[in-house]
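Below is one structure. I have some questions about it.
Letters are used for the chains, namely A, B, C and D, taken in the order the chains are written, and counting of residues starts over at 1 for each.
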């Protein structure tokens, strides 16, 4: 599937006294991007969690900061799946300023599929097609 | 019971681009104060929630901001119970700078005791004494 | 001016272990509503702060919680000005679920206009009309 | 210098609906660890920023999640410097549960020294000794 683009607007709460967005908040935007990727794939993460007890537990995050986002700026979160199996999934992200197209950050997150008990579990078959599982070799 | 004092140190993450602590974070410090009030009363909020399924659902918050807290400053959260019944509890807070004793903020939070289903429920009798319930008329 | 409506979608980061939105995050949404009220009035809060050195310092917040917002739910933030002078402004908010129209919370925030030195200052005349100052008696 | 250990206690605000700490909050704890490393080195990050206009701009973060922290648990943040020059510094972190000694996460953050204009700048000589600059070859 093509990358999915979502927009967030920088909140005052997300800035710090350096006058730019506090670095941990980029991870929250990646989460927003991930959920919208899900939705664009015809899935709703909330339902997966509630109905099938599938949790997407974060195993690793990485973010490189290139140019800081500032208050009230709109940011595109471009999300794609870099790797997916029935056990894990890795998302990649690019954060881009809407007004000037500059790259603000790049990063990835790795997740392990778990059951309600937070123990690793295989992703149910019915989700494989939507996430392109089988297509990654 | 006397007010209970806890200390927090301002984190960079808690500042905003005005160069002071973002106002919503004072509510988080009130929560820290509340939990330590609990502990000082011989209770552990975590256990109440896990073992007895008693949830303390926030019904109202109020905060007046007097003098902003700044990065790396230590803040005393002085917490007391203003009112308590088997149905609800109201905490009051004073936030005070450690170095200069200035009052940063005052506020209160009202909570309703609920069960695991988040429906209002009476607080089990065994907690009444520790919280002074019966002493507030 | 009529109330201004903005939408936010609940982020995973905004939930807590009670399974609903952590209460302090409602204040962040009120901030989002306030900024969009500004924009709907033809003003940009960022520019006021950067160009005219007008800061909107929070003096008081109040929030009553009626029905909790849950993950991935869309929330309308309905913002209006309850009172405004050249010295201060008070916003009122209603938070409403998009899907079922239920009221999640109501609240207000009071702000004092300050200069770059964070000392109280009169709001420049050019902003009065847009904010209806003079219309509140 | 030896690793510096700091403690944080998990706040309710830091949990999410999975019942554990939301992953982005580990980065905030790393920041707490970093500031205390600074203090243990006889430096105060706040003063460096205010007096010498030295900003520590985050260039990259990485975190691997091993075992989730839960509400009210105490966490040790063990911080060390892995690399430092007059241009940049890289901190490494281990997050460890106080009660059971389990490793919750490991990670690193890379920072570039910048001036007040947020442009890269050399760290003033007077800070080199405290940070062991010259000792990393």
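Convention: contacts are C-beta pairs under 8 Å (C-beta built on N, C-alpha and C of every residue); 3 or more make two chains touch, one makes a residue touch a chain.
Keep in mind it's a predicted model, so treat the numbers as computed, not measured.
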Ask   = Based on CA centres, what chain would you say lies at the far end from subunit A?
value = B
Inquiry  = Per the definition at the top, count C-beta pairs in contact and tell me whether A-D or A-B has more.
reply    = A-D
Rounded Å distance, subunit A centre to subunit B centre (Cα mean) = 33
Remark   = subunit A to subunit C, mean C-alpha position gap in Å, rounds to 28
Distance between the centres, which are taken as Cα means, of subunit D and subunit A, whole angstrom = 24
Key: Multi-chain contact sites of subunit C, meaning residues that touch two or more partners   = 12-13, 18, 20, 24, 28, 31, 71
Request  = Enumerate the contact residues on subunit C facing subunit D in the complex.
outcome  = 12-13, 15-20, 22, 24, 71
Query = Touching subunit A in the complex: which residues of subunit D?
reply = 18, 20, 23-25, 27-28, 31, 55, 57-65, 68, 118
Ask   = Mind pulling up the subunit C residues that touch subunit A in the complex?
value = 9, 11-13, 28, 31-32, 35, 44-46, 71-72
